[in-house]
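Some structures are shown below for you to check.
Two complexes, one shared chain (chain A), two partners (chain B, chain C).
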Partner chain A sequence: MPILAVVGLLAAVPLITSSNVTLNFMVMALLIALVGQGWNLLGGFGGQYSFGHAAFFGTGAYVTAILQMRYGVNAWLGFVIGVAAGALFGAITGLLSFRSGLKGSYFALITLAFAEVLRIVASVTPITGAGVGTLVILDLRPEAFQFQSRAPFYWIILALVGVSLVLTRMIEHSRFGAYLVAVRENEDAARALGVDATMIKLGAMTVSAAMTAAGGCFYTQYFLFIDANIAYGPWISIEALLAPIIGGIGTVFGPLLGALLVKTLGELAKLVTGGAPGLDLVIYGGVLVAVVAFAPRGMAGIFVDLRRLLRKAQERGDG
Partner chain B sequence: MWSPVILVPAILNGLMTGAVYALIALGLTLIYGVLHIINFAHGALLTAAMFAAFFAHQWLGIDPYLAAVGLTPLFFLLGYGLQRFVIGPAAHGEDRNILLVTLGLAVVTENALLYVFRADTRTINLPYAFDTIEIGTAFLAVPRVIAFAVVIAVALALWLIMRFTDTGKAIRAVAKEKFGAELCGIDVAHIYAVTFGLGTACLAIAACLLLPTYYVNPTAGNAFVLIAFTIVVLGGMGSVSGALAGGLFVGVVESLSGLYLGESLGQIGIFVMFILVLLFRPSGLFGERT
Partner chain C sequence: MVDPLLRVENVSKRFGGLLAVDQASFIARPGRITALIGPNGAGKTTLFSIITGFQQPSQGRIVYAGEDITGQPPHKLARLGVARTFQIVQPFVGLTVRENIAVGAHLSRRSRTDALAAAGDVGRAVGLGDRLDRPAHSLTVAGRKRLELARALAIQPRLLLLDEVLAGLNPSEIRDIVPVIRAIAGGGVTMVMIEHIMQAVMKLAENVFVLSEGRVLAEGAPQEIAVNPRVIEAYLGKGAATRMMAAGADHG
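Take a look at the complex of A and B:
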């Protein structure tokens, strides 16, 4: 129910403003919310911190772009295949990593390594356009997943975020979700109780990769351009984990909340410095450290604390 | 192609490059061995050290080798402070949090450097940068020979510190059994910070050894640290001798694959090796299976 309310509220944004700057900002924030929700499922609920979610984002983005440009596949079909490709890649890397028993620092390292290998490969192989990148030809028809104005893009990314929210909520309340949290809290204990931890983590990684890949596919359609540093660069890996951690790790609304906050901070930084490179990321990094240090449960945790304080104050008032 | 006239110099040069890799890996493995975390800020700190050495030469006219004398204690203090006052308190004793905090520090450092110095690539000119000495059929660049010698000396010094000083003994005690060490009256937070400081000090030395022949820009350190990760995993996490052997090995592999496969493929070779080692021998080639 709260999901419906939030999505409904956000859906009204293009009706209130037609400013391209505002809509563009919202689209980017929602994109990060989607990618971050992917990270959150594996990292927040499953406790497996990936430092290389760019691998899935970039795979989705490139598959969509290449299918359209080289094989003339319809953009919508390309989108679906892109998501599937991302999920498949997540399943393969997950199988390799979890079968080898990699966790904690090792898991963070290997995900980072996968993303970096892909980045280097994408910047030299011809099929990705090597260093030049891949352009998707302008074709402003809804059938081609391209639109005259930004509003349809906005509603599509919002719908995707909505689906990711519902999916996460369903997983949270399912047996699978409970197993996942059990694995996060104590993997050995979960195994001892008969939870197939490897399969659970693998499932989470596959769904997580699919969500993040959907973000990548959308990116390609929205900007009609992709290159190795955008697709597989560290920026997306960092924003993917930043949003849920700031918003509230392991909560359904954390990534959305965090993404809006992170993007607002980024815009403020640009406003102050006139778009000099680096400063927005300095702020992101600082906020990341500060949140881990002072508010380990993110904004969601702060809200919970506030509500508890209010209730206490009320009880005191009543009594 | 396979004649010793080409092969021997390639191997020797690989060993020289590998020595600097080994030093960077040494810092990483030292921190991992004691704190059991991977310091994701290692690369950014190396970049910071390279910038420090660069500007010591640019503004004060100090030779990089001389700068090492001042920068090493400075970076020891920096590392000590970071662990003691930032990473330690922020982590709340959770390994996952330490990962995030060091990642955050890396992002801040790297981008602060980018913001202040822009993405420009800088190099310094030293009169001896292109001097060579001849060993048999091989010509070796003087800065690389110096680097090799210094790394061996530093490794030896570290070994002596760990073996014979009280601090060294305390570090080894904490690495083995943190709780037991604490019960024996060892200040674990202090030892953690000292270890982190030592690891960071290694970076300052590595930066000063690199600068005469290498460039510096805000992401210069990352290339080395990805190699250092490979070396540390290859040599066994936390193993000092493993880091040394792994560093030299990777240096030679890189030099030979650069010779036979070309530059960009050589880079991928290291990553592929890294992933394979992680997947199949996570305890390292030289380490025992756990």
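Take a look at the complex of A and C:
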């Protein structure tokens, strides 16, 4: 129910403002929330920290773009196939990494390697448009997944975030979710209790990749352009893990909370520093350090602590 | 005589130049408690790891319920009813006691609600009823041992391997947990326990195997084992048995 309330509230934003700047800001924040939710499922709930979620984002983005431009596939169908391709790629990379028993920093490194290899390949192969990138032809019809105004885009990305929230909540309350968390906490203990750790991690990686790929597909439709550095660049891998870490790792609302905070902070930092190149990133980094040092469970953790404090204060008042 | 539920046949395990387990064989009869004792480094825990699929034997085989299960992965063995506890307790520290136990209960229950309810029952049975919703990291050593036991029980095992569940407990805590273990055995679960605390072994086990330097040194009822000179020597060094006999005679 909190999901419904939050999504409903956010859905009202375009009714309040028609400012393109605001909507654009919100679209980007929600995009990061979606991509971050993908990371959170595998990293937050499963404890498998990926440094290369760009691999899935970019695969979704390119598959959508290429299917439309080279094969004349409808954009909506392209979107669905893009998500499926991301999921498949997640399953394959997961199989390769988990079957070889890669854990912790080794897993992080292999995911980074996958993303970097894809970035380099995409910047030289003709099908991706090599260094030039791929442009999606402007065709402002809803059938082509393109819209005159930003509001429909906003509602679509909000709907995708809503789906990711519901899906994450369902997983959290399922056997699969319980097993996933058990694997994160202690893989050997989980295996002794009948958990097929490899399959559980593989499942999580597949769903995680699908969510992140959906973000990539959306990116293509929103900007109508994709190149190797956008699709597979480290920026998106970092955004994907920053949002949940700052918002609250392993919580349903963490990525959304974190994405909104990080994006707001980014804008504020740009305002404060007056666009001095790189200075906003310094502030960004400072906040990340502060969160990791003082609130390792992120904003969601702070909320939980506050609620507990309030309840304690209340009990004391009653007694 | 009833067929044993577990039969370990000539199992060896080599780590490089070290022969940790050397042609060890033992059996566990259904519904009984079998103890595996021996000095530190005798290979007891390694043997448990081999039986539960965490390690592969270099040689030999494991027969469970009449089937060769050698080399099966841990999760498959758990589904067949083989449970273990860890010598160094391995709680899911970020979860509550109930959630910890529910992971085991999920093996036969898909629904989260059912698993949590079953976890509550198992938790109460091992005496964690008042701590079900506490985080696992807040438990004392004794509490963690009980949790270890509860999680393993939650998979409804036929065979339960206990790796030093009593180690690190004080005498009153041991006194509290011994009836819990006896109740589990009373429920028809076959158990093999690695244990150093001989008083508890004497109270609980019907059959004892002594492992020393990877080999099975002796087998018998606890009372026989306790006075077996070879066993005393394995623990206390050569000549200890005769010295003890002499000392015993003096005091007697």
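Everything below uses one rule, namely that the second predicted complex is superposed on the first by the 315 of 319 C-alpha atoms of A that agree within 3 Å, B and C clash if a C-alpha of one lies under 4 Å from a C-alpha of the other, contacts with A are read in each partner's own complex, and residues count from 1 in each chain.
Going forward, contacts are C-beta pairs under 8 Å (C-beta built on N, C-alpha and C of every residue); 3 or more make two chains touch, one makes a residue touch a chain.
Please read these numbers as outputs of a predicted model, since none were measured by experiment.
In the superposed model, A:Ile226 lies in contact with neither chain B nor chain C. Applying the stated contact rule after C-alpha superposition, one finds that A:Ala269 touches neither chain B nor chain C.
Once the two complexes are laid over each other on the shared chain, residue contacts for A:Ala55 go to neither chain B nor chain C.
Counting residues of chain A touched by each partner, chain B versus chain C, the larger count belongs to B. By the document's definition of touching, neither partner reaches A:Leu256: not chain B, not chain C.
By the touch criterion stated above, A:Val63 is placed in contact with neither chain B nor chain C. Of the two partner chains placed by the overlay, neither chain B nor chain C lies in contact with A:Leu42.
In the superposition on chain A, no contact is made by A:Ala204 with either chain B or chain C. According to the touch criterion, chain A has no shared surface contacted by chain B in one complex and chain C in the other. Those residues of chain B that touch chain A in the shared complex are 32, 37-38, 40, 86, 89-92, 95-97, 99-101, 103-115, 118-119, 218, 226, 229, 233, 264, 267-268, 271-272, 274-275, 278-280, 282. Touching chain C in their complex are the following residues of chain A: 173-175, 178-179, 181-182, 184-186, 188-197. If you check the complex, the residues on chain A that touch chain B are 47, 49, 51, 96-97, 100-102, 104-106, 108-110, 113-114, 116-117, 120-121, 124, 238, 241, 245, 273, 276-279, 281-282, 284-286, 288-289, 292-293, 296.
Of all residues in chain C, only 52, 54, 73-75, 78-79, 83-84, 86, 90-95, 99, 102-104, 106-107, 109-112, 115, 151-152, 154-155 touch chain A in the complex they form.
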